[in-house]
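The structure under discussion appears below in the form of structure tokens.
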Amino acid sequence: MSSQLFAIIAGAGPGTGRATALRFAKAYPVVLLARRPETYEETVAEINAAGGRAVGVSADAADPASLDGAFEAIGRELMPGLRLAAAVYNAAGGFARKPFLETRVEELDGNFEGSARGFFLFAQKTLPLLLETVPTSPPHAPTLIATGATASVRGSAQLGTFAAGMFARRALAQSLGREFGPRGVHVAHAVIDGAIDIPRTKGYAVNDGVEDGKLSAEAIAESYWYLHTQPRSAFTHELDLRPFVEKF
Amino acid sequence: MSSQLFAIIAGAGPGTGRATALRFAKAYPVVLLARRPETYEETVAEINAAGGRAVGVSADAADPASLDGAFEAIGRELMPGLRLAAAVYNAAGGFARKPFLETRVEELDGNFEGSARGFFLFAQKTLPLLLETVPTSPPHAPTLIATGATASVRGSAQLGTFAAGMFARRALAQSLGREFGPRGVHVAHAVIDGAIDIPRTKGYAVNDGVEDGKLSAEAIAESYWYLHTQPRSAFTHELDLRPFVEKF
Amino acid sequence: MSSQLFAIIAGAGPGTGRATALRFAKAYPVVLLARRPETYEETVAEINAAGGRAVGVSADAADPASLDGAFEAIGRELMPGLRLAAAVYNAAGGFARKPFLETRVEELDGNFEGSARGFFLFAQKTLPLLLETVPTSPPHAPTLIATGATASVRGSAQLGTFAAGMFARRALAQSLGREFGPRGVHVAHAVIDGAIDIPRTKGYAVNDGVEDGKLSAEAIAESYWYLHTQPRSAFTHELDLRPFVEKF
Amino acid sequence: MSSQLFAIIAGAGPGTGRATALRFAKAYPVVLLARRPETYEETVAEINAAGGRAVGVSADAADPASLDGAFEAIGRELMPGLRLAAAVYNAAGGFARKPFLETRVEELDGNFEGSARGFFLFAQKTLPLLLETVPTSPPHAPTLIATGATASVRGSAQLGTFAAGMFARRALAQSLGREFGPRGVHVAHAVIDGAIDIPRTKGYAVNDGVEDGKLSAEAIAESYWYLHTQPRSAFTHELDLRPFVEKF
């Protein structure tokens, strides 16, 4: 059964995206989607080398034509005949703390595009495929997961542009959960509250040097897999994830 | 003192915008900003006829160049030498309930522009003016108010694009409150939870025919005035407003 | 008209209670209710000396028999023939930061009694009176206000017992707003987020020495009066109040 | 290792309690705690018959002396020498929709006792044991889970007394998460949003007759097990659980 299913991870870079691809690849062939091949190539190779099946596709989720092309390729040649089991949207606009009056509106636009517009378009591409999977009695309910952040639920000084995009993404995820849950698709939103333990965050002041003081990307991925496996009698729409030492 | 202050209302159409302009005009000269003159002309005339002072200016808040022109005109000829006491952002993207898969991304973009981008640009224009007013010991703390909606705090089925814009606006308002409150500017966000009693909403199913079953725009405006008059020792950042019979 | 109305303030001690009594006394005769006469005597005298009308009554809001006695006295001799315009519940259990494992269950009980049980009983005594006032077309909708705190919406380390009582009070206020709003009674809850500027808080580390860095009790009282005067077409159920420099 | 650990489930009746006991019994010996033996006897027998290990103990969680006795028995004879891996508090006050003015204060007290006081006392008994387990490097972080409900986050008309207890419980869980998380104990709160599919809820109007329209207790238990297994680099403090067709 599940050999006829596949998963797609958008925003497949180091951290949550890569870990989620590796985790879902244990069960399904996976598509890694990112703007640039460098972002996914290594992970794709790793999965294939380990006996899984992965393909990468380059697209800008915030650009409808680019996304159209990617999904056409997925359906025609990358995963032909397979049904979509799970879609994870993990791309984001840039996080940068900056005084509001020094922030350019293009930074707001960039956050909106990566955090909200990209998720909107990705959801429009994946929800019809997930709905088609519902009647085929897959082992787990077809699932759409959006990665959120502390800034999805809280606007902070000098972080408004990032929060604007993430709040908007959460609004979409919540609305989609309410619209598509009753149709059998599980839509979930994860509030990642803390720094993820990847090379780029080494040296971040917060919790640095504390063992497990940053989020393990693998642990996040495991949570996403757990969400995917929840039966429809008990869907979680939103959960938070943070290191044990994180203030909240 | 307060004769040297002025207020600006963006999104000055029927309902909250017009009522807010009328209310603030009791204390200050007011600028009404809207895309088209038809939106504010009547209210401007009404205020001036009643002995107040009002001017209208046409601009698209989501367009930086358009807004630049409007604020240059305000400073140079419309309200020369006056200090900004209060700025209210009341424009919004369009509210329309529609199945997600039938929604075009341009509708999301439109909501983002009206609800978030416009507020961002308006805040960038008005906050420097409000900050300049702080040291002049105005009778009330300089104030920036954003109008929100139920959809600012809750994503509903088929209302995701509207909610995305309003969540994003709330993220900005919250972030600005945290950044500019300590500098003496009062930033507030009002969650308008219900239909406003204007000609366009006559016949809306919800609470129709119930006396006071819809929000009085004047009552909303009175709340905005109240927010403006709060002393800095007790600022409200967010309040909800709804008719007594509204479910919540 | 309003000479035939009265207001009652429970928890009439220094700070919010006293300031609220003084504010409402500008419009109505007021009853100050507290466990001990020392709590209200001075304020009662001050109001009467200034030409207002105030009486004090000693009762424990968490004790049904004690409250029964107080309301019987109010109806029979203190405010005979008057209708209730507004009731404010401002009593609270004790605020004390303490490691959970060193906290005695009696401290939880005390918080529950002051914050939730007392409000429950006070609401049961005042709501029937407020409902009776509705058809008499008072100038303002009959109003029940509960004072909350940061701990009404957020459980903090070592503050769980205080938060438990305040969360419970908020649950009651929210439920009452939903049940009695449609019947014409305005139920509101204020989240007081910060230290109140009274002698007891002098020297509190937070914002000490910053002008207006603590909440003015008079400003809180003014907000309560504002809530009371909102027309039923635009009731606020919840608002926050904090000093401009307060982190939130 | 894990043979030296045990779990305890308070409120071990049909539904979530029983299912959680069965789930945790796959990994640990379990103690089922309830006021009356009838509540747990059958489940205890079922676990033991299936090759697991379970014991029941009768106690009233809201009564300190009763709980003292139970934990003394657990340490001395029921689970001697074993360390506590997980504690789940699932007892609750009674759910009953009733007009506020017809509600007796004893109903509020009962909800407070079952929902908040019982959890407080249970946490005071189990947290020291969970803290002792931390340095022994158990396979999963020692965990305390509280069962919540829709009424933990929302007060509804005629449901205030139930909500008061559940809000208070959530306040405690949140405070404990913030205090004990950094010490290595995972405290989590689950918002169960919907009716649980047990014999007692057959015929409930909501979602009745819809397959999977009510929460499977086994699915809730699986979520609790999942929470227990989260590594400390990514703890979830709160998640919601609801049937796919549930309105939210």
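For clarity, chains are labelled A, B, C and D in written order, and residue numbers in each chain start from 1.
Rule of thumb we're sticking to: contacts are C-beta pairs under 8 Å (C-beta built on N, C-alpha and C of every residue); 3 or more make two chains touch, one makes a residue touch a chain.
These are the chains along with the protein names UniProt gives them: A, B, C, D = Short chain dehydrogenase.
Every value quoted in this text rests on a predicted model; they were computed, and no experiment measured them.
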| item | value |
| --- | --- |
| Most distant chain from chain B, judged by the mean position of its C-alpha atoms | D |
| Approximate Å spacing (C-alpha centroids) for the pair chain A, chain B | 34 |
| Interchain centroid distance [CA atoms averaged], chain B/chain D, Å | 46 |
| Inter-chain centre distance, chain A versus chain D - centres from mean C-alpha coordinates, in Å | 31 |
| Sites on chain C at which at least two other chains make contact | 177-178 |
| Chain-level touch network, classified as line, ring, star, complete or other | ring |
| Every chain pair meeting the contact rule | A-B, A-D, B-C, C-D |
| Chain A-facing residues of chain D, complex | 141, 177-178, 181-182, 184, 186, 197, 212-216, 219-220, 222-223, 226, 230-248 |
| Parts of chain C lying in touch with chain D, wherever the complex brings them together | 64, 99-101, 103, 105, 108-109, 112, 116-117, 120-121, 123-124, 127-128, 151, 154-161, 163-180 |
